[in-house]
Amino acid sequence: MPRAKLDFQIDTIKGDILKMTRAVEQQIRDAMKALEHLDSDLARKVIEKDDETNALYGEIKERCIQTIALQQPVAKDLRIISISMDVASNLERIGDYAVDIAKNVDYILRESPHLSEEFNKDVLKLIDGNGSENLMMEMGDVVASMVRDSGPAFIREDARKIEEIMKLEDQVDDLFRRIFRKLEDISRKDIEGVSFALNLILTARYLERAADHSVNITKRTLYAMRGKEEYI
Amino acid sequence: AGKDSADLVIAGSTTVQPIVTRAAEVYSKEHPDTSIGVEGGGSGTGIRMVGEGSVAVGASSRELSSEEKRAHPDLTVNTIAIDCIAIVVNPSNNLSNSSLSLAEVRDIFSGKITNYKELGGPDRRIVLVEREDGSGTRSMFESMVMNNTDVSDAALQKPASGAIRFTVSGNENAIGYLGIGYLDGSIKPIAVNGVLPSEESVRAKSYPLSRDLYLITKGKPSGLAGEFIDYLLSDAGQDIVKEEGFIRLE
Amino acid sequence: MKKLFDQERVVGAALMVFSITALVILLLIMLFILDGGLPLFNKVSVSDFLLGDKWVPAKGLFGASQFIVAALLVTFGAILLSVPLGISCAVFLAEIAPGWAKRIVRPAIELLAGIPSIIYGVFALIIIVSLVRVTFNVATGETILAASIVLAIMILPIIISISQDSIESVPRLYKEGSYALGATDWQTIHRVLVPAAGPGIVAGIILAMGRAIGETMAVVLVIGNVEKMPAGLLDPGETLTSAILLEMGEAVVKSTHYNALFCLGLVPFILVLFMSVLSSRLTTKNKARFA
Amino acid sequence: MDSKNKIEVKDLNLWYADKQALKDNNLHIKERKVTALIGPSGCGKSTFVRCINRMNDLIDGVRITGSILLDNKNIYDKDVDVVALRKRVGMVFQRPNPFPMSIFDNIAYGPRIHGIKDKDSLRKIVEESLVGAALWDEVSDRLGTNALDLSGGQQQRLCIARSLAVKPEVILFDEPCSALDPIATGKIEDLIHELRKKYTIVIVTHNMQQAARVSDFTGFFLLGKLLEFGKTRDIFENPKKKETEDYITGRFG
Amino acid sequence: MLSKNADRLAKIWLWLSALVIILVLLSVLGYVFINGIGAISVSFLLDMPQNNWREGGIYPAIVGSLIVVFVALAFAAPVGVGTAMYLTEFRTEGLVTRIIRTSSDALNAVPSIVFGLFGLSLFVFYLGDYTGGPSLLSAGLTLGFMILPTIIRTSEVAMRNVPYAERMESFGMGASKLQTIRNIVLPGAVPGIATGLILSIGRAVGETAPIIFMVALNPTIPKSLFGSGNTLTTQLYYLSMEGISMKVAFGTALTLMLVILTLNAITRVFKKRLSRNLRRC
Amino acid sequence: MPRAKLDFQIDTIKGDILKMTRAVEQQIRDAMKALEHLDSDLARKVIEKDDETNALYGEIKERCIQTIALQQPVAKDLRIISISMDVASNLERIGDYAVDIAKNVDYILRESPHLSEEFNKDVLKLIDGNGSENLMMEMGDVVASMVRDSGPAFIREDARKIEEIMKLEDQVDDLFRRIFRKLEDISRKDIEGVSFALNLILTARYLERAADHSVNITKRTLYAMRGKEEYI
Amino acid sequence: MDSKNKIEVKDLNLWYADKQALKDNNLHIKERKVTALIGPSGCGKSTFVRCINRMNDLIDGVRITGSILLDNKNIYDKDVDVVALRKRVGMVFQRPNPFPMSIFDNIAYGPRIHGIKDKDSLRKIVEESLVGAALWDEVSDRLGTNALDLSGGQQQRLCIARSLAVKPEVILFDEPCSALDPIATGKIEDLIHELRKKYTIVIVTHNMQQAARVSDFTGFFLLGKLLEFGKTRDIFENPKKKETEDYITGRFG
């Protein structure tokens, strides 16, 4: 049982990353749900939950640095720990985007009474799960699943999961473009809805960035696995 | 030895040694240009060394054995003094006041008599003290007293007459023999056949255990050796003999 | 540069000649002792020499067993007396003695080792012999016991210094280890230190035995020199070495007596050589353990 | 700061003859915690730990003032049984020093000198101690072999086992890994991590990383004086004194 | 508590054992001192013996002892130190060193009387024509043989005590073997070698048995190596055996012992120096 | 000269952070200039320059980890190195926002021809340095100066600078609110300008986030200085 | 990989009597770079470096096959002058071993045995070497004191200075810091960092962090065989062989 303490620390770090992944995924999903139902309470919860995520990130980072400083890992051990810091940092940013999304819910709520019936219907179609073409929710789903898989992909060095995440990225980009177009159309219809659309486009942008960070995680995972950064 | 260290070297009997040493001392004072070395070693050693020519003069307290005569036929024996063997005990031993016959002495030394009570003394074990094998004194004692009986193997052996005196003077059970020259107050001689050893009794031949002491040379003594022997035989030399406790020649 | 190489070879060769000297001397000693001694066995059988107990050169009797027995008894007695005292003193010096006591006892022991044996002899002749005679109320104090006592004094320094060295070469850490487990001084000494130093101590004892067997001057003065088989420690006796010393002066060169005396020398020679080899084996073993 | 004080050192001074090696030291050692002592060479760390089981008594000319309370009883009181004290406060040294006996006898040594003769009890103690020192698996099939045949790291664990066998409450480690290679060192550190569940541990070390890795509390000695003492994290992340910082960051002297 | 008592008893016993040894030493020293101090004076040391040894001094014996020791050292010191150097510097451990070391050990163990027999038959009988038979030269050489192992051993230890690492360093800088020996080994070993030599002098001065057959009681000053002479030890033996004068005998004994004590004191000084040198280890 | 190598590494890290600070500040300023002049070339340059910034960040992070692993720093040394990683990561994010701003320039250019004269005038007033109330440029300036000071404040542990940066944060928040209001007004006037306004609001948001990260840097600096995180 | 090969080892085998201690080793040592050799105890690191200046010649029963080229000349050729070779390839050992002489004499030792007698030249060499070994400032005012009075770290730097005094091209360090405390170790590492500007350096170390800190290239030995060799970063970040990884991550044995 040599290096028991190092192994213990690495395992703890990995466990924390999984925990953080789940928390962040939940943040994304909750934020999207709050948007869907324009649920201000849920949105507040998402925002509040970010403190936890941030604390978890601080803990992971701290532990990584402590472990490097005290246990003197080298080679793969060092790689895994330093990449863990990157992974955690990416997760933290994803968490931030969830908060951004949640914050937007209030803005949207504030705008919504002033809008025309038709406009509202259009927009709600975009975000409501019952619409046939609820692009925003679809995007939220895809991104959440990318986030969900990124942590475990790193921990288990799961090549198949990595591939899946990377494939989803294209889908996310596509969705973003379509949402952008749609919002342009919609806001042209109702001049009052501009700021509403503005908020929604921000949300889409946040989702896209969250997806980006999930992809970052997989890239770093590849590095941990192969010992080399893969510049795809 | 000593070809180079002294003009004349005399080696051999420890019995004779005191006479020769003293004589050499006096002689060298009179002739400051000569030096005479004296070494011990025992009679046998002296005879051997003079025979081999490693010393000019050998000292002996016994006559040459037939073996020695055969090995060194050209040795001359010069008598320089008379010694007698005294049977000695510790002064506190009341045996010193009685007389023993030669036969009794023999029985004591052969181990037949082992306790003073057999001689009318107290109940104490006799401790015999004799000289070592090869000693002139011992061979004289054995030939004059023991008559072919062996000295008991329980006898303590001492490598010199002085050692016999030392042992006897320190142990009231001890009895030993030594040359008359070694007699002093620390031990007492026993009368043999009623006669105590002394110059007179020896000269009168009434004391049975006397012997001559010799200086031995290769051929006739000559040179410094001759002069030294002559000096010993002179009056002055014989005075030294007497001073050292031995008996002058006639 | 080439010259330097040669110089080294020359020096090396010269030193090699030097270093062979010890071997040459040893071989010469063997040669001369054997040469002096072996002719005896043309006249006397080996068994008569080793087992006979009558030593009368004049009659051609050369039984030496009493000398051998006396020598062994003296040695045995000396070891018996000196070993407990010697080891105790070694332990004392190595473990117990405060600095000042060490500064007194250690030089004292070195002095004891330095005193010439003849002085021990003279001392023993006068003091120990009387002491033995009075204490044990025997006819004469010149006994094997007296010789054993003086030999015991003489070999004490050997036993003490070799034992002390080997106790002290037991790593200090052993000692601390034992104390740290709550052992008392005495438990530490007799359970750890002395067993660990065991081979070294035994080596010292064996070396001391050799020394005792070979010692001459001190023994000849006090043992009485009786050519009879000793019955015990309170009997006088004569050892191999004292017989040689007493009779060599008078023995006719190359005579049977002379040969026999060389044979007497051969016995302690062989015994002591054997012991010294044994002892140095043990010492190296002891050293190796803590290296 | 929640566990109780196992050892309380009060105004401890120590002189080697005229030379003062410890000056006015005060410190508390918590029960079932690891306390590390660091400091430059010659600052008195070894001297200090040796005070705790009175090993310094063995050195001539040592003079001590002040007190050390073990469970509130001064170990320097007149009526203290030093032998019993050392049984309670075990010690493991810099170089592993197994006795030149079998593994079994090494560990049975302590119980034996404390009067345990019974074979079965001894065997039980030996097994327990070896298990406790994480050595059982490696040597259980050769308890009869000479302890000197073990590797350095195994020897050190044997010494720890030997110390456990007398059932101490406190174990003092004086640079226990400085003679070991990194791998053996790792094993000892893992072991100390285990031992702190049952024992109060004091460890002297030159290796800052080691102190940081294994200890809960750290004390920094300088010139015979405990200059700073506190939670290990605080000492290593945020030392109060300039000297401590200089020392742990390696900028000393 | 049982162990406590055992501890106390054992310590009492250990202290006693040391005390006994001190007492023994004191009694030997004191005995010789008390009996000998009366005889000793400057004239005792520098005068010739007189009146059949009963009076006068022991000058010849002192001269004889000096000569014998000188001869012994003149032979054994170069050979011994050379051998030690060969063993430590020119040979790695192997058959040769084992043989040499074993013979040296064996020589060290040979009983002194056997040296006497050997010296007698080699120098007196076999080489008598060259050595002058039982001469000071013969005696000195015999003693030289006897102290050779001591010198080899102490010199070897002294040289080995110079750390191996220092030699390696020297070689590592490109020094040759002889340079290394001269600059590193010998300077470090000198105190040790000197201690060994002084110890051997003490041994040679104090020995009797090896030279007893070659040195007789001879009251003259030796004139050459090939002549016979007297030494302190043999004189002491003869004087006490013959019982001529116990006073002179004890005077001789005390002289001998003072010499030994002095030599001892000197080695002590050297040993201090030695330990100072050994600080490097 | 003990720990020469560690000191050398720390100095190198600090130097790199200064370099990175300057680079990022420049990115922000260039992005704003590109926006002001709607200069698509300059915008492209800003985007391209981000590779450099990212590489510099990678280097700093790598060096920090290597130094922790090899030089075994503790106490302040370790703190400075681990905070350096945070600082660099914050700078990198600021750089990202500069890129986001630059990317928006193109979108704006694409929209601008379709807009009404008056609208354009209003908006350009918002972003043109010549207007009396060029809020956007003012905000860019403030943020750039915050960024400029953050690196040196960390390196030199400069308490005064830290205070300044923190004060500026309020100003930035205020500016953001005013820009948001203004854009709402403007876009209501011209329905075609919605997406244009959308892009500008994003820009303001990016600036606000960059300011946030500058403040983060000062917070971490305080930790390095006082050995404790200050939760202000 | 741009600097030239100072030393090329080809098919090097070494036997101690029957025991093979090095097996078929091939490796290049770059000029003015630091090459570290790591590996578990007894794997042959010391034996290997001792081959480079033929110190193994001093050990009986050593047999060597293969070749070691120093500047393209086989040092095991018959006509090679070993003494001159050792002058070019200096060595610094595990424990500092100053000679028991003054500081000055220690450093002048090498030049003197190589024939430099002139006082001024000697003084110059001594100063240069001490400066080179970063010791001048600490001892310049007491060159006459005994070298044994220096601290361990100073002694080791003295030994390095002594080695510099004979103006070597290559310096072999065999665990030069294992007897030193962390601070002294730090100074030696800093020094090696300086020395690599002028000398080709080979260092054997047990301390992985040290190897990683000071070296440009690292070789991993196992059971007498060079198992892996490469740039230090590569070895420590991304070893090719499982054994290397196990060893450097501390998961070996």
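Descriptive notes on the structure:
Labels A, B, C, D, E, F and G are assigned to the chains in the order they are written; within every chain, residues are numbered from 1.
Throughout what follows, a contact is a pair of C-beta atoms (placed from the backbone, for glycine too) under 8 Å apart; a residue touches a chain by one contact, two chains touch by 3 or more.
This structure is a prediction, so every number in the text was calculated from the model and none was measured.
The greatest centre-to-centre distance from chain D, using averaged C-alpha positions, is reached by B.
Among the remaining chains, B is positioned farthest from chain G, on the basis of C-alpha centroids.
The greater number of contacting C-beta pairs, out of the two interfaces E-G and D-F, is seen for E-G. Taking each chain's centre as the mean of its C-alpha atoms, chain B lies 81 Å from chain D.
Separating the centre of chain C from that of chain G, both taken as means of CA atoms, is a distance of 51 Å. Chain centres here are Cα means. That of chain A falls 93 Å from that of chain C.
Averaged Cα coordinates give chain B a centre that lies 36 Å from the centre of chain C. Chain E has residues 3-4, 176 in contact with two or more other chains. Among all residues of chain B, those that touch two or more other chains are 41, 158-159, 166. Annotation for chain D: residues touching 2 or more other chains are 83, 113, 183, 186, 208-209, 212, 250, 252-253.
On the side of chain C, the complex with chain B involves touching residues 54, 56-58, 125, 129-130, 133, 139-142, 220, 224-228, 236, 238, 245-247, 249-253, 257. Chain D makes touch with chain A in their complex at residues 134, 183, 186-187, 189-190, 193, 209, 212-213.
Contact residues on chain D toward chain G in their complex (touch as defined above): 40-41, 181-183, 186, 206-208, 250, 252-253. Within the complex, the chain A residues that touch chain D are 1-5, 69-72.
Per the touch definition, chain D reaches chain C in the complex via residues 53, 55, 58, 60, 83-87, 90-93, 95, 97-101, 109-110, 113-114, 148, 159, 162-163, 165-166.
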